[in-house]
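Reading through the structure tokens given below for one structure.
The letters A, B, C and D name the chains in turn, as written, and every chain counts its residues from 1.
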Amino acid sequence: MNLGVNLPRGLVLKNPIVAASGTFGFGPEYSSYVDVDALGGIAVKGISPDPWPGNPPPRVWETPAGLLNSIGLQNPGVDAFIQEDIPFLNSVKTVVIANIIGHTVDEYRHVAQRLQREPRIDALEVNISCPNIKEGGMSFGSDPDQAFAVMHAVREVTDKPVMVKVSPNVAEPWVIAQSVVAAGADMVSAINTVIGMAIDLKARRPALGGVTGGLSGPALKPIAVRMVYEIARRVGVPVIGMGGIQSAEDVLEFLMAGAKAVMVGTITFQHPTRMVEIIRELPSVLQRYGFASLDEATGAALAGGVAL
Amino acid sequence: MNLGVNLPRGLVLKNPIVAASGTFGFGPEYSSYVDVDALGGIAVKGISPDPWPGNPPPRVWETPAGLLNSIGLQNPGVDAFIQEDIPFLNSVKTVVIANIIGHTVDEYRHVAQRLQREPRIDALEVNISCPNIKEGGMSFGSDPDQAFAVMHAVREVTDKPVMVKVSPNVAEPWVIAQSVVAAGADMVSAINTVIGMAIDLKARRPALGGVTGGLSGPALKPIAVRMVYEIARRVGVPVIGMGGIQSAEDVLEFLMAGAKAVMVGTITFQHPTRMVEIIRELPSVLQRYGFASLDEATGAALAGGVAL
Amino acid sequence: MNGGKGMHCMKRDYDVVVVQRRVIAPQHVELIVESPDLASAQPGQFAHVLTPGMLRRPISFSRIDRAHGQVGLIVQSVGIGTEWLCNRQAGDRLNVLGPLGRGFSPPEAGQPWALVGGGVGIPPLYAALQAWQNTVHVPQVVVILGARAAAYLIMADDFGRLGVEVRTATDDGSAGQHGTVLSAVTEWMGVHREGQMMACGPTAMLQAVYQVTANWSGRTQLALEQRMGCGIGACLACVVATRSPGTHGSQYQRVCTEGPVFDREELVFS
Amino acid sequence: MNGGKGMHCMKRDYDVVVVQRRVIAPQHVELIVESPDLASAQPGQFAHVLTPGMLRRPISFSRIDRAHGQVGLIVQSVGIGTEWLCNRQAGDRLNVLGPLGRGFSPPEAGQPWALVGGGVGIPPLYAALQAWQNTVHVPQVVVILGARAAAYLIMADDFGRLGVEVRTATDDGSAGQHGTVLSAVTEWMGVHREGQMMACGPTAMLQAVYQVTANWSGRTQLALEQRMGCGIGACLACVVATRSPGTHGSQYQRVCTEGPVFDREELVFS
């Protein structure tokens, strides 16, 4: 079965399984554990104009079937990324997606502009969950106009394929998705983590150094599937789904809810080779449920009597 | 250890464990499995002015550490409730909380008014997750003004203690909480289920008859703890926390995040007697973590260096 | 505990011991468990069994041996819960709620009786025949069993040993009639204009039985499956559309409480 | 697979077999596992072990027997993952990543050497002594062990059998000095103005060692604990504040990659 996925602006994934941003470092870390070239692509950790320090530890905490993290988007900044990480990425034979972050519209524009000149970067993923420091710290992803402004600025400086990653921490993420598509986004990726919190009973304080954190992992899956479903039937662009994927069946669930491809994050910490196993199993799982191709599966649960 | 909880308008729970609405029927169903009188209270299923039919089955689906439901607030209406269910509830020796629902502000007012005359109903829990049919189907719980209007109408017709149950499906549930407190709510209960979805791969359609459903159970806990934390430090009234509680440790986590009492739902389906076991274990768990009383535990993780 | 409230005779979830395990077909295991409580069940009732999933799993009784305080549970492995159940061994414990629900009404004396079962819907029919064969006098009994293939025609031998007529049908023709139970059912109804039918099996089979019995003047009881939450009537998860209103104000009734067995006239089945 | 990229010698997660299990203290179990790969570890490195939780659990090596291809893992049961590990039996398999991280730098010849351990920080020090006692000539070795109570002074006998001086301290005074390891450490530093220290134990103990060694002119290596995600450097979960920048643009370094062993001068420890 052909697992290739054709996406806008000539972006082609050899299969629909992409490593999710922030869970796969900048590429080299897992490269001795996983055949990176076998993946559909990798999304590297969020990149800002200047280095970001990230949050104080502890930065992870387990919850039932889930993981809270408060990494705080620690990263070395776009210049160090280009100098230190692109050389390794040049040796990787799959799609590389740069996840970009900023505290102002100009910061997003700056990172996109710097990466526009890097042929190794095949696509951009605009992470709009960052706080807007000019507008009182509310995230860019929680206001359709601000999300539009970010995507608009990015579109001005790049002709690479761009996806915007929407946050589930708003009432109607599809409104944000529609807004960034209007601003020129080629794709939407969904979802980022849901804000959560845990208490360290022994320490009598929040379990994470950042107090609250982002929930990922299987616990998130039903929330993510619903968001993908709501977004996919409203935007006319491909949706890259993610949230709690552990198996080829989970991938199929996202496809049937409307995704063209998926990203896989937290489960990689438990099983570094799980993504590769999923790729191997995907054709037979598709067949088992009666699908002859990825395209047949995409959106299959939207059709047939489901009112829009 | 005294487990009693004093709440506004003279409402006293003998312990902080209350059965969550919709998971404990109207009282009699579980009464041969659990010593209902041992509970801090029970919140009965949502009650509307007229009978609501609920959603087509299937109505439940399991997800990792979670449960999706699309019961659709099936209920016999307030008149049948008063006639058929209050007689049994009269035999129960604990607090009874009526969960009230409506499609318009007037419907909420109507149910509150009818129940005002029922001495057996010790408190009301206003469920504002219902769609407002006059305003295009958006839930009352997603707009601070509409939430205010509902609580205001209820307050006009009842002097019973009233809590409003906030929905997590908005960007800032604490804004809704602040709004209903301004409208006269005595307490806030948090949270209701998070909207989610699953696909039945074999059937190639959404797993629930209602297409999307509400996620409950342990998967939800970190989201719920965070909401309780955010609300408790912003409203001056007691918060009743819930979402995924399975153990006395989980109860303590909610208390430390700012709750005065909790509700327990989904786990009862697995273990009908779990609530009673939690009540039995709670004193020793509090002691193990160094708390001499419930009040000491409430909000303990908010103090000490956690920036507001 | 609930002193003074006579209605409160406390039940609760409890542990039962598996005393025997046997593989009866590919992916099908029968567990014999010791429990006088469960053995007080009516045929068609079920146990709500704790597994590692979020919710319990409803399983009917394949045999009810009141004398020895034992029941049988036949489990087909179709997902995480039933797979776990199929791996239980003699000596293991199961935590159960039950017996739950409303089972079959006993057959009426003097009326011919057909038991129509498919897949894991077969076991409760065996329990029914076992319970009433010698206590209710019926002039004629036929058991009509359907399955994918010969290997899945579970309990056919057990029925045989009770000395009743057994007709079988398989989707692939590997045993009995090629096709579904429907033709045997239609044929039997043609011969017996009056009579009583008890059917249990996959929803598609029950819908077909519902259709073909529309103009039949006998009584048809159908034992349904539905996804369940609590299993005891509290959550309203397990409903099925019915003609007369159930409790809780709708045309829905609860499979766990008013069911799993319904008279066909009660149901709105499409 | 990655033909042409010489850097890609593929590691992966793999299964190892538990060949021995012994309870060494209340809630403390030592598992001996067979694995030439793990037995290539440096003292202070760790294995990232799969358990039923969401994440793997980092566990240090208590002994590294390169000759027989075996390592020891001493696990204290403190939560779901370690409880599960403590229940493994001989014959069971564990899935591991590793050996991971940067272990202790070998002691320098000619310098007195103190190994300071608390609780489950003791095992990697034993591995260190075992590895270097006979290969590096140091004029004096002392092992300083602390625990809640006598029963938790794990491996004291093992150290004894290596013929080195062992000083102990317990919080409740049930063995050795009443109190913490601190007074023995201070005393030793008083005698040895130069020298080398390796410390591993609870964060509070390491912070105290960090403080008291502030003006000492010897070298102090501290093996830290931090909550981990990936264990291999990708997620930036496991950081600790350091003086010099790590990778990824901050004053944080990764315990799983740049650590778990850090020179005290590297750390900003409060």
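Just so we're on the same page, a residue touches a chain if its C-beta (ideal position, glycine included) is under 8 Å from a C-beta of that chain, and two chains touch if they have at least 3 such contacts.
This one's a predicted model, so the numbers in the text were calculated from it and none came from an experiment.
Participant: What's the overlap between the neighbours of subunit C and those of subunit D?
Facilitator: none
Participant: Farthest chain from subunit B, going by the mean of C-alpha atoms per chain?
Facilitator: Between subunit B and every other chain, the largest centroid distance is to D.
Participant: Please report how many Å separate the Cα centroid of subunit B from that of subunit D, as a whole number.
Facilitator: That gives a centre separation of 47 Å.
Participant: Could you give the separation in Å between the centres of subunit A and subunit D, each centre being the mean of its C-alpha atoms?
Facilitator: Going by mean C-alpha positions, subunit A sits 36 Å from subunit D.
Participant: Could you give the separation in Å between the centres of subunit A and subunit B, each centre being the mean of its C-alpha atoms?
Facilitator: Here subunit A and subunit B have centroids separated by 33 Å.
Participant: Give the residues of subunit C touching no fewer than two other chains, as numbers and ranges.
Facilitator: Residues of subunit C touching two or more partner chains: there are none.
Participant: Using the touch rule from the top of the page, what residues of subunit B touch 2 or more other chains?
Facilitator: Residue numbers touching two or more other chains: 63, 65-66, 217.
Participant: Is the way these chains touch best called a line, a ring, a star, complete, or other?
Facilitator: Chain contacts: open path, no cycle.
Participant: Every touching chain pair, please?
Facilitator: A-B, A-D, B-C
Participant: For a test of understanding, state which residues of subunit A touch subunit D in their complex under the given definition.
Facilitator: Touch list, subunit A to subunit D: 22-25, 29-33, 35, 37-38, 45, 51-54, 56-63, 65-67, 69, 71, 74-77, 80, 84, 91, 217, 266, 268-273.
Participant: Okay, in this complex, where on subunit C does subunit B touch?
Facilitator: Result: residues 1-2, 5, 7-13, 50, 53-56, 97, 226-241, 247-252 of subunit C touch subunit B.
Participant: Which residues, counting only subunit B, touch subunit A once they are in their complex?
Facilitator: It comes out as residues 63-66, 68, 142, 169-171, 194-199, 201-202, 204-206, 211-212, 215, 217-223, 225-226, 229, 244, 246, 249, 252-253, 256-257, 289-290, 300-301, 304-307.
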